[in-house]
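Next up: some structures, all given as structure tokens.
The same chain A turns up in both complexes below, where it pairs with chain B and then with chain C.
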Partner chain A sequence: MAHFGPGKTASSKEQAGLRYPSNGKTIYHRPLHRTKTAELSQASFAYLFSEMVSYAQRRVTGIQELEKRLNIQGHPIGLKLLDLLLTREPPRSQTRPLTIIALLHFIKINLWTHLFGRQADRLEKSSNPDTPDEYMIIDNEPLVNAYISVPREMSQLNCAAYVAGIVEGVCDGAAFPARVTAHSVGGKEEGEMWPGKTVFLVKFQPEVLEREALFGKG
Partner chain B sequence: MTVFALIIINKAGGLIYNRTFHEGGLNKISTNDYLVLAGTFHGVHAITARLNPLKPRVGNRSSTSSSSGPGGLLTRPEPPSGLEVLESENFRMQCFTTLTGVKFLLFTDPTQANVDLTMRRVYDMYTDYVMKNPFYQLEMPVRCDMFDRKLGSYIREINNR
Partner chain C sequence: MSYYFAIIGTQDNPLFEYEFGTSKQGGDGQARFSEQARHLNQFVLHSSLDIVEEVQWTNGQLYLKVIDKFFNNYISCFMTGGNVKFLLLHQPTATAAGATRNSTSVGANPTSPQTEEAIKNFFNEVYENYIKAIMSPFHKVNMEIRSPVFRQRVAAAGRKYL
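What follows is the complex of A and B.
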């Protein structure tokens, strides 16, 4: 929390920092089990996200650094969302995912529905035998990129790195440490249909696969 | 029924977007000429806005400066609108000025109906795909793929009707 001078906090409680509603009910008074249809304005999110990207951009020199920053901004959200979404599950299925497939399904269905109001479009395992630790979550048109056109000189950038950070937070929180990156694949063979198509590449740490192998035997 | 071209002029009179949708509707002129057109129109628009008398709100004649309306609330006179339509035998140019001073010029067939509606949609797209894009710098030329794409498909739909 920010530290205000002692005089300031005492004298002007209304002006400093958070504003409290007149009935005294803050976000912490609301029940965790909210209705499923609590939606936010996409326009206000778009403006906020646009400022987040410009903020990050002013503080970096390269594209990778920019993606890193966006990733870091999303990471704590993922950690917290994992807890929140599991709490909202019916009591019977209220366990955290224990296998890679269960985790990825949880991300594809629960996380995506909570954040974007629909499921992710596809889930794939890397077909390359050299990289069995790589999985792909595919979104044909990520909501965060709805209004963003990346300039040509930054064509490798995908602002969905922020969503990748959220996914990484969920994986880390569920004890499946991973690196998640976002890649644009529109503009290639089937890119005409979905120019904003994005692949979230989930690369798990070796110990996760090791544990997964032991699980399979047991 | 055709939309020929769209021009966007920033509040300083600079050309920031210029696109032709229909070949053969208008003669081709160079980019430099488009820049001159934008600057000239900007100037003419400013002068015509000054010609336009300010009308105080109806029922509020007593206060000369029209600064306080009923109930003591501040009311402003209608903002002066400059030149809005320019018509020639073969095309009609409609101008729309946003509250922030950006001008959209739409060149259409003289018989084109519902230009206001088209203009509104174009403005919507501008606010969505240009203003919400973190890589767009205000007052600079518009280079947003998404805007180009959406605008293109919308105008194509109108022109093919």
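What follows is the complex of A and C.
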């Protein structure tokens, strides 16, 4: 689509520079529901993602900042997917997640299946009594990291921070504000079953737990 | 029967508003609010947000039905997954409410199952178009929806169901 300056032509007078595609079709003319599970090429995704990582890497001072930028790239996707996946549910199970568990199940099952074609591998609650606000979503081999080799000096980096951003977007959108970070936990030694194992640490804000305690009993 | 529909964002900020009248039973689709009522409508609608916040955590459904009433103004609510509220203020005309209390026509009886169903269909259609609106990569959360196509679609849903 070409970019035109606003208000130059006669027709743009009433539409204030709004332009329609020549066939008259807008985003509102496209169907929301998929007839079959359409899959995208992993190779083209890997190429796009590598560009996104190098874009995020420009002018960053540290790994934390890089991960933050990846997180920010994913965040709006999560916000949008929340509503999209809810409508694609059959009408009877179309409910907003009201509890942390319902929300995490939605992420583990619906979100993961939509994004990666399979469920997340595990869901855990932090066993540490000091951090009851922490939950973990575990993916044994994240698809986004399939073709990414992290240099030795950046071993702290996990590009699944992008996926963490998506998860964070879903949590924020559903009114469960949280911080989500990605951590590599796979062992480095030979014979390790899942060297790329990643934990998505979901840390909910205190008000979420407060509300959970209030409504959970009633 | 006149309707005032508004989409309220997560920060209780209005994203979209639209007034229309019934198209059923010979209605011409024009809203019959007085100039004063039009301003009052905005207050009535926004004041129901407090009740929405109470109801939303006890009921996981998207469609929350009639949640508030202010004299002859009924407020129906629909919560999207992303915590955006669709609120519809409906005001049955005085004659319809008085004369035919058992009438099954949409609008005459705001809490009848028929009316609830009609409003539900209306909300669902708007929701579908709302999702398409937010799917745009240029759309950010809590952004005002200005698309004329969206407005047309909401108007069409109003004509179809209400």
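In this text, the second predicted complex is superposed on the first by the 186 of 218 C-alpha atoms of A that agree within 3 Å, B and C clash if a C-alpha of one lies under 4 Å from a C-alpha of the other, contacts with A are read in each partner's own complex, and residues count from 1 in each chain.
Quick note on the criterion: contacts are C-beta pairs under 8 Å (C-beta built on N, C-alpha and C of every residue); 3 or more make two chains touch, one makes a residue touch a chain.
Everything numeric here is computed off the predicted structure, so don't read it as measured data.
After alignment on the shared chain A, the placement of chain B and chain C results in a side-by-side fit free of clashes.
Looking at the shared chain after the overlay, A:I27 reaches chain C, while chain B stays out of its contact range. Touch criterion met: A:E51 reaches chain B, while chain C stays clear of it. Touch criterion met: A:F215 reaches chain C, while chain B stays clear of it. One of chain B and chain C touches more residues of chain A, and that partner is C.
With both structures placed on the common chain, the touch criterion links A:T87 to chain C but leaves chain B unconnected. Within the superposed three-chain model, A:S149 lies in touch with chain B and out of touch with chain C [touch as defined at top]. Minimum Cα separation between chain B and chain C in the superposed model: 24 Å.
Residues of chain A that lie in the contact sets of both chain B and chain C are absent, per the superposition on chain A. Looking at the complex, you find that chain A touches chain C at residues 15, 18, 26-28, 30, 32, 76, 79-80, 82-87, 94-98, 102, 173-175, 211, 215, 218.
On the chain B side of its complex with chain A, the touching residues are 128-129, 132-135, 143-147, 149. On chain C, the positions that touch chain A within their shared complex are 10, 56-58, 60-62, 79-83, 127-136, 140-141, 147-150, 153. Residues of chain A that touch chain B in their complex: 43, 46-47, 49-51, 53-54, 57, 147-151, 154, 159, 195.
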